[in-house]
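Just below sit the structures, each encoded as structure tokens.
Two complexes come next, and they have one chain in common, subunit A, joined by subunit B in the first and subunit C in the second.
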Partner chain A sequence: MTESQSYEDVVKDKTETHFAQFEDERKGLIGKVQHALHLNPALVPLIILVTAIGLFGMILGQRFFSPGTLTLILQQVQIVGVLAAAQTLVILTAGIDLSVGAIAVLCTVIMGQFTFRYGVPAELSLLIGLAFGGGIGAISGFLVSRVKIPPFIVTLGMWQIVLASTYLFSRNETLRSSDLRADAPALLFLGNKIQIGGANFTFGVILMILIFVALAYALRATAWGRHVYAVGDDPEAAQLAGVNVHKTLMSVYIMAGLICAVAAWVMIGRFSSVSPSASTGVIGNIQSITAVVIGGISLFGGRGSIFGAFFGALIVGVFEMGLRMAGADPQWTFLLIGMLIIGAVALDQWIRKVSS
Partner chain B sequence: MKKLLIGTALVTIATAGSALADDHATSACLITKTDTNPFFVKMREGAAAAAEAAGITLNSYAGQVDGDNEAQVAAIETCIANGASGILITASDTAAIVPSVEQAREAGLLVIALDTPLDPIDAADATFATDNFLAGELIGQWAAATLGDDAANAKIAMLDLAISQPTVGVLRDQGFLTGFGIDTVDVNRWGDETDERIICNEVTAGNEEGGRTAMENCLAVDPEINVVYTINEPAAAGAYEALAAIGREDDVLIVSVDGGCPGIQNVADGVIGATSQQYPLLMASLGIEAIVKYAADGTLPENTPGKNFLDTGVSLVTGQPADGVESIDVAEGTDRCWG
Partner chain C sequence: MTQQQPILSGKNLVKRYGKVTALDHCDFELYPGEILAVIGDNGAGKSSLIKALSGAVVPDAGEVYLEGKKVNFKSPIDARHAGIETVYQTLAMSPALSIADNMFMGREIRKSGFMGKVLGQLDKKKMEAFARDKLSELGLMTIQNINQAVETLSGGQRQGVAVARAAAFGSRVIILDEPTAALGVKESRRVLELILDVRSRGTPIILISHNMPHVFEVADRIHVHRLGKRLCVIDPKDYTMSDAVAFMTGAKEAPA
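Now for the complex of A and B:
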């Protein structure tokens, strides 16, 4: 046996000894909870969601705790849910997208007006709408990654530009449900539903869930997903590690724009009409950011699970439905959601201490 | 996390499986555009009082901003899930809300449009409203009569509601022009008129801030404006501020629609020349009574003869009555005002 080999014996002899390893030094329940939350950022919103459903179920009984009502909540959050998926991607790169709702409304108008004003087949209009969504995302992405304008400013501007374009292009015409049903059933496709017992799952709801599952897989298990987290955590370090920051940012904004266009299709399905003055254009951005923040995704980027945003959207939906059913003044809903937002970020700060 | 998910799913399925019909008493829903505008606050009070008198439950919902169709759709869905007997709604987007209203009617709920007719009007079971065209016509006639011969050279600012042209705004606007004696071209749209007496069409969102900005914009086009039509009294108050800022508050006629107490006070103070008063409390209380009747034996409410809705009445309130235009004085207006 040579000298060089013998040092390996140490490893063999001392297998009991731990080498480079993080020690969990925190003692007690609180420390363990903090650690668990750090590993599973979507755990907090899930617990809040389950508690809220349980509480409202106890107070309101069968009216609330029925398959019909619970799936109705899914239908009511489907638009905000899809927008929150787009918002999550952008926020994971430490950005923010104020234009998501406006892009969705513009895409509904494009899909509708191309069909009715220009006589384009509805299926093709859908693709044109998706292309517009992706295109707007590409412009924002370019301005953020190449021109180096802060995402807040880029999307604040884009929000206004897109909203104004919506009004100008649509001439403020609402396309009615009777026309859509007669001439463009493809636009209403996502409004169809599958009934299981008393539960109603619209295709829009199913699509929303598929989007979350697909993005969760992509973010967790593909190189692209890890690059998104890396860029959000520290773009310079990511660059040094060989990540193409520009390409990653572009892909994120294009993807976000595309998802907003999908939200547009979901929207037409849900409302069976196309209204350029839909309030999603004005408050959709805030609603999606709310879902993301309540979902425990860090606004500083690079941390959080996309399922958190899904749970966040559902929490808002459950609160709104529960309080409405109880006959409470709608202002209470906004008040409670405001408290949830601040609570969620306070919790995020506390969890972050685990890593420092 | 998995355990929690599975657990929730199991509990949901278990409880849902044994779902029983709830035997709750008759209940009604009131869905307004917002819950900050005094018009809707008063409407809610009227509905709440009538509901209490009839011994039924009333749930009230509202959008977060004016024009918030999504919140109203969610509210209708809640009413259906809640097993309500009927819905009273002032729609934010009169065309876009129709599919949800159809859903509610299919589920056996009585849907009554309050104040704002749906598009088309027969999408609801009934409409309880002010004749908004008549309301506009009355202030138009009053303005023309007050100006006398000068009406031919009037310079008019039209301060409308919103660019989406909700029917209530269109009816008042076109009614005013008709009453004043101006060709409305297409009576279903404002802003397409060619009469040179109309200086501007601006939107106000129906509040003071919007009214002031809109008036400033109009004055920038022509500082000689001497007649101002406003969609409602808050917008009129805003317009007055803009006029006062350039010292022209005394030589301009401002007319409006609504009949809220602050608005009537403004008529008394000379801020507004004349206003058409409507009666939201009556709309709401009649609406609740109709729902109670419908829940009892399925009776549907009937329209005012000659109109395709139930007219809850309108009166012109002014301190300076004009010849040939019927009006009530400020004291009577104050007695019947709301908000």
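Now for the complex of A and C:
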């Protein structure tokens, strides 16, 4: 090479020994807080939850701060909690599922009607319901992953389709509590409870917690979980790095559908009846998205901890219960939840700014 | 050198995107132990060529041979299984995940025994230790913070991690797409040293670059790409940088 072409030789001779050391350059308390939140995104909802319980406990005293009331909150959030678990999976892949509540209601109707109309044993009807949930998830997953329709559109359509199917299939009949109790106790199984002191844990609540624990394990400690995050973060990068994006998306939507069907079982246990017009079909999606967002899970995908969604669901439950006990207008609950949603997303934006 | 069998070669590769022909009956050969640079103007089809070789796109026509055997890569995963590692210009990393997670993306190590086989638990310790080893082997890091998210690293650091990932797993061929494009002078130097380091261990490298000084410094042969096909292959010792630029822009007739 000629003289003019070797202009970089200056740096060549002087070998750089400190090229890429990973030092933590951000300093100060704010930097540390941001870093901690970046590592543990469920920390904020946990703090809000504990603070809220503490505040209501101080204001309302024993009435609120009793095992009975606190476990009642768990019972009130169990359906939304399970739906939020399903929603979390989809949102982690940078999608959104507007059909979770509708799928749950359709599955309750399937579980109920197969038992009563077709005389299928209740246990088998449960499995058929689960299969339907997974099947609907598979259709949504295919439309998102292969046909490349945005998840919002796919599930917006699916929501209407599933909701309409629910009414058509059920012929708008409600199955009453007394019939269920007499002929299909398996459907009501999750309504049973264990009493410890004044605390009441329904099987539905316990199942919800188990679902969160199992998913947290799967997301954190298995290859599948890492792939879910990678796909949500940057699907093209994940594909190039060797992740089967299609398979991952399909598994996520199928899993979400299955969990919605589990939510259906929880619903039957909680309401002791099967009604196609259950409000979950209309507002379940928004409630679950609210829990997920308050839980600090990024709507842009790839970030957040599933426990955040659990805390998010509980925060909503605690606010509802606390404000009702305090005699406040229920609108205050919605007002506060609305503020929390915006605050949570603002915080997410801040956490995402780590690299700048 | 040309008497040897090429380790990786392409014959008559064609790739069209709608009306655009990105690869027009293109040939390609990489020989064992060499650094082959691929240069060409923007839009000449360098990236398409590399993608066809690494399985990221399936060519419309033509064949790819690895060590004389015909291969049909349907995805980058297939190419990786065959021992071809690619560092893409975009680096293909998940910013929110840790360095270790990114290095093992798509080839995670599971624990042995019940936890690994039935519950699919990952052996994070083993993966972290391996990642740490590979990074320090290439002089890339101090040992702490292997769990730091990739997005908290600088451009050069990310590039380093990506090259380390390829070097750690690429057993037959490593493809580097513009590895120095986003880097500063010092960081580029380090990556070039890394490239020479990898070659000295016997792994052949395909280097796509716009940076002529870098190409002329490290390459053994230079594949000049023009209008979707190979124009010529030159030896950097026989030509100057301006010759190379003249060939790739069509300002000068290519040598026979």
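What to note about this one:
Quick note on the criterion: the second predicted complex is superposed on the first by the 334 of 356 C-alpha atoms of A that agree within 3 Å, B and C clash if a C-alpha of one lies under 4 Å from a C-alpha of the other, contacts with A are read in each partner's own complex, and residues count from 1 in each chain.
Keep in mind that, in the parts below, contacts are C-beta pairs under 8 Å (C-beta built on N, C-alpha and C of every residue); 3 or more make two chains touch, one makes a residue touch a chain.
If you're wondering where the values come from, they're calculated on a predicted model, not measured in any experiment.
Once the two complexes are laid over each other on the shared chain, residue contacts for A:160 go to neither subunit B nor subunit C. Contacts of A:226 after superposition: subunit C is touched, whereas subunit B is not reached. In the superposed pair of complexes, A:192 makes contact with neither subunit B nor subunit C.
Legend: residue contacts after superposition of the two complexes on their common chain; A:47 is shown touching subunit B, with no touch to subunit C. Taken in their complex, subunit B has these residues touching subunit A: 1, 4-5, 8, 11-12, 15-16, 19-22, 24, 35, 57-65, 67-71, 73-75, 77-78, 81-83, 93, 95-96, 98-100, 119, 162-165. Across the complex, subunit A meets subunit C through its residues 1-2, 5-8, 11-12, 15-17, 19-22, 24, 38, 217-218, 221-224, 226-227, 229-230, 233-234, 236-244, 302-303, 354-355. Listing the residues of subunit A that touch subunit B in their complex gives 40, 42-43, 46-47, 50, 53-54, 57, 61-63, 65-70, 72, 75-76, 79, 167, 172, 174, 176-177, 197-199, 270-273, 275-280, 282-283, 320-321, 324-325, 327, 329-331, 334. Looking at the complex, you find that subunit C touches subunit A at residues 56, 75-77, 80, 86, 88, 90-97, 99, 101-102, 105-108, 110, 119-122, 124, 139-142, 144-145, 148-149, 151-154, 156-157, 160, 185-190, 193, 213, 216-217, 240-241.
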